[in-house]
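Labels for the chains are A, B, C and D, by order of writing; each one numbers its residues from 1.
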Amino acid sequence: MLVGDIMNVGVIGATGYAGQQLVWLLNNHKRVNISFLASHSYSDNLYSSVYKNYKGFIQNNCINIQQVYENLSSLDIAFIALPHGKSMDITKDLVSKGIRVIDLSADFRLNSPEVYKKWYGLEHGGKELLQESIYGLPELNRDSIKNGQLIANPGCYPTASILALAPLLKNNLIDIDTIIIDAKSGVSGAGRSLNTNTLFCECNESVKAYGIGNHRHTPEIEQELSDLINGNISLLFTPHLIPMNRGILATCYNKLAQRCSVEALEEIYKDFYSHNYFVRVLEYIPETKWVKGSNFCDIGIVLDNKTNRVIVIAAIDNLIKGAAGQAIQNMNIMLGFDEWEGLNFPGMIP
Amino acid sequence: MLVGDIMNVGVIGATGYAGQQLVWLLNNHKRVNISFLASHSYSDNLYSSVYKNYKGFIQNNCINIQQVYENLSSLDIAFIALPHGKSMDITKDLVSKGIRVIDLSADFRLNSPEVYKKWYGLEHGGKELLQESIYGLPELNRDSIKNGQLIANPGCYPTASILALAPLLKNNLIDIDTIIIDAKSGVSGAGRSLNTNTLFCECNESVKAYGIGNHRHTPEIEQELSDLINGNISLLFTPHLIPMNRGILATCYNKLAQRCSVEALEEIYKDFYSHNYFVRVLEYIPETKWVKGSNFCDIGIVLDNKTNRVIVIAAIDNLIKGAAGQAIQNMNIMLGFDEWEGLNFPGMIP
Amino acid sequence: MLVGDIMNVGVIGATGYAGQQLVWLLNNHKRVNISFLASHSYSDNLYSSVYKNYKGFIQNNCINIQQVYENLSSLDIAFIALPHGKSMDITKDLVSKGIRVIDLSADFRLNSPEVYKKWYGLEHGGKELLQESIYGLPELNRDSIKNGQLIANPGCYPTASILALAPLLKNNLIDIDTIIIDAKSGVSGAGRSLNTNTLFCECNESVKAYGIGNHRHTPEIEQELSDLINGNISLLFTPHLIPMNRGILATCYNKLAQRCSVEALEEIYKDFYSHNYFVRVLEYIPETKWVKGSNFCDIGIVLDNKTNRVIVIAAIDNLIKGAAGQAIQNMNIMLGFDEWEGLNFPGMIP
Amino acid sequence: MLVGDIMNVGVIGATGYAGQQLVWLLNNHKRVNISFLASHSYSDNLYSSVYKNYKGFIQNNCINIQQVYENLSSLDIAFIALPHGKSMDITKDLVSKGIRVIDLSADFRLNSPEVYKKWYGLEHGGKELLQESIYGLPELNRDSIKNGQLIANPGCYPTASILALAPLLKNNLIDIDTIIIDAKSGVSGAGRSLNTNTLFCECNESVKAYGIGNHRHTPEIEQELSDLINGNISLLFTPHLIPMNRGILATCYNKLAQRCSVEALEEIYKDFYSHNYFVRVLEYIPETKWVKGSNFCDIGIVLDNKTNRVIVIAAIDNLIKGAAGQAIQNMNIMLGFDEWEGLNFPGMIP
């Protein structure tokens, strides 16, 4: 690859919310060309008739999954933004053909097919790839991602949660049996498929917890944090649905293993993320609006001396750092681009 | 008092959000007459010019605080819905004149003037009343409320939090050092005074934590739960601001002191609240929309065996069960009405 | 009927948004008993499992449409809150059995089966009833409603539009060729059936016009206004979708036929609606929030001398005065109750 | 100027919503350097402490207006995003010093000081510049903007309204006495200053009309449309406030002067805007979400043959095409950049 070369990428599952965000970012990226946009639901439709913001930008029709196979020559990266369970077969196929894949679904995030089956209720159709796939969180796995063939792009909740907790765990600062993650997400995290629960009038003006203790992102968070300390983390993860389009706030509670000042903790976090452009360690409490529309993860740390707890709060845009932006970040690493290429803009408010 | 008698009540601070909700409920109540509506900001204005929903219902002008004193004869109850610090003097005055007062501010909730000073930063001007005032949570203090002279109406977060945790504590079911309350509130909880933080564009499409570990409702929750067990509870309370008008969801995390089934816990809760119409113990997870516009507190219980934690979730309408509705409930008890008089309707959705 | 008698009513289509609002109001109404709640989608389910706000209030299961027929004895009124096209057959049946029906669908609003077919695309299955059915707008048709057998409850947009325009037309104040109605509705008006367009993320943070010039409420508005003047009104109606749960604001533009002061117009409106409790003629511009949760229609009038236009703005809660509240108002008239029985409360804000 | 030169710009009034959006766009623009950010309210504060999305992007403190004068050397363009009335003096000063100014306030939009005084209630302090200033709507005035010294950046409502109506008027297609503009705006249009009316709980879940017939954007729209036809347009403009952050939808009603097909009208519009990248003429009805976060103006046309009216609907992002984006577009034209430099991205949804 020469500097300045344009790479060819394709998106499978381009009409879901994560797929669409990917298209937005790819369209904006100076170094890539979109070879195709594939969609189960909208094949043969103009992409810009589904998402009318692209009128004048994207002239392509969506293709179907079969047509993907006719468009693989000279493809550098395939992004897969299908629901879990729908990704495994096509990913296996593409990988076997030598295509590098960034999979935004959950299908290749868990190392163990048994754990996958337990939490997703499905027999895994690509077990042999589970050990090979790289968990695509650049802040922890940058080097492996560089030469990865199959990148399992992290879930939105795990991205915020793992980034919030990794420095504490890596530095043995907390009692690992005490971790509680109370996370709040905008509605786009639930996707664009039809469901009474995500109708406007059902979500607006209400907040609820769901999947307490049994949300599928739990084993993903536990796996990555356990790997980090070569230990065995068991934690409690509680997601909540908030009436807004975008954003995740993860409020993480931990018992300190030793007394520590907040300044010292901030220093530890800043060190830990010193070469990680997209993590901003703050001296104040984050809000999702400051990262909305950006690839940043903002992290704030609070000590409660009364109860000897450290509370770490992480804010991301679930569709960007929690999905499509992170996928681009992974692509940049894989293709040798600057990691922030096409992602280097602040959140847009209000 | 004879059955059927109409009681006279006045509202001081009638133009804040809690005051307005109180007016809505009093207007709807068959057994009371509103003697006056007092307001610092809008005295001499038609109440229905400030809150135009009352056009045709309320013809009164707002009076000022001085005029309140000319309207005390034959007053049965005075409601005070002023900000903390503004209530103590007038409350003391009214109580000294023999008026029964329900104070919605925080001024008479804490027993200790030192604790008040520490958390509110003010010298308390009515210390002698702190021991006399009754914490107006009917589910715990119904009998004292009945003959109370000064009722300190609970805060919104404390109402949800205490109702969620009381049965666990009273039955010694949890390790009391492990309590974490992660609460989410709609914006009306912040009141109607001008503040950049509560402008539409600042709150909408965002979520944030605030006052972590130092929110003023913390000592109130700790005091009441400590009293309940004659012990000393120290807990972590973290409120969050959610882009919606009304509602509080309190997600309460606790380590179980002993193994226990969720069915057994539900039974314990149902027993505990068996004579409490406004607490509904659910077999599912509550959402704020189901209590919006009502005086109910919905409580759901989840066990996470993996981490041996019990998670109790309580949902209320912050302006009703968290403020004005509870004040009416207290009034009903004080005046010998049915506790649900004027409050007996379900939430209004969507 | 004796004063104090309790009447029996049933709701067919009780699990849509309008049906649910009807249940809320009926539950609150002192003079009626709910005989049954019927639902296509949720028959055999506890009503309070679909709408959990009713926990503790309603113990009934939903019945299916077949079971309705086993529950007709001693039924005083049947409410039908089914989608258009689904109501005509059952309405015909019930009417033929002597049941008085209030139909919230559009099926019996238009007098002409040809017009119905043109706008709704369906052959009408109950043509013979079209001339008999009464258009249930009490402010215009109170006397006919009193003894009506079949009441066609008005659409939400027509309620606001007709109430806004009737006094102008009745008094020959405007050039009837110049009427434009630009209406804005909350999302609950679109109902609770699954549709990508009403998902939270599709509606939130956006506004759009739809059905310009061809929305099905157009002929309904034209028919009623034409009847009012024994003329032939042709107007332009443009609805818009607004990111909120409830409320309709209809901004109605008209060329004045003669110069007139705003005070004179307000007087004319006040006269016109002098015996109509639920219409409030204002001296200011209405907002939907002041009628949210109530049965009121607020009307404001503005003159633009520069262009010789009178702009009339009407605000209603689309689910109450625009649907279920108006149905109750009709029921009260039919059963000889006070017209405001069960509806006599102001809007709830915020 | 050489190709590739970086130009220096400053922003006065950088902490309002329009100013902030300008900063976002300038920060993203490859050809400019931000020399200073000035703010009355936040001088001496880190810009990124006011708008925390800029953490890591902008290290500058806000300067005060006095300090602006010390930073004028080598300044190529000054943007002024102050409230009306506050801009005139500093603009006059800067222009007199030879600085090219793009003023986002209303102060230099109206040609006549009398009209300014009538609508804004202020004596104009820079009358002599009113004839010189260029109305900065590139689609109509591109050539004058190129060499302009003082650009009056259009208001948000006028941008949408004028773009919607210009082709009809220029082609004599409508009866000019019949124009009605019914516009709907998100809350950011009201700015960031403290006002009870823009508190979250006051705007959320409500819609209202305001300033009917007397909104200050009326003379601005009339002036520009009148200029376009060398005539005298008098129209009715009615703005509404919608519970969303961003976006304006202008629904424009006009009587056709002659029969015309919708296809012919679309052709006329496409011709009219053929060299105008940021206007997209659609074959469908626009929604604000498709332009949110972009500089596009989407226009849709509907004919209502029944009433012989043409309805033109325009959608913009009020902070971008309606303010800061248009200012950048003007800057690009003034500095000889590609007009879309720094603006060439589609809207971001959801």
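Assume contacts are C-beta pairs under 8 Å (C-beta built on N, C-alpha and C of every residue); 3 or more make two chains touch, one makes a residue touch a chain.
It should be emphasised that the depicted structure is a prediction, and the values quoted were computed from it without experimental measurement.
Looking at chain B and chain C, the chains in contact with each of them are A, D. Taking B-D and C-D together, the pair of chains sharing more C-beta contacts is C-D.
Mean C-alpha positions place chain C and chain D at a centre distance of 40 Å.
For the pair chain B and chain D, the distance between C-alpha centroids works out to 46 Å. Each of the following residues of chain B touches two or more other chains: 17, 188, 201-202, 204-205, 243-246, 287, 289, 292, 349-350. Chain C contributes residues 17, 187-188, 192, 194-196, 198-205, 243-245 to its touches with chain A in the complex. Only residues 17, 20, 24, 27-28, 51-57, 188, 205, 245-246, 277, 280, 282, 284, 287, 289-294, 296, 298, 345-350 of chain C touch chain B when the two sit together in their complex. Every residue of chain B that touches chain A in the complex is listed here, in rising order: 177-178, 180, 182, 184, 186, 201-202, 204-210, 212-213, 234-236, 238, 240, 242-247, 249, 251, 253, 285-289, 292, 302-304, 306-307, 309, 311, 313, 349-350.
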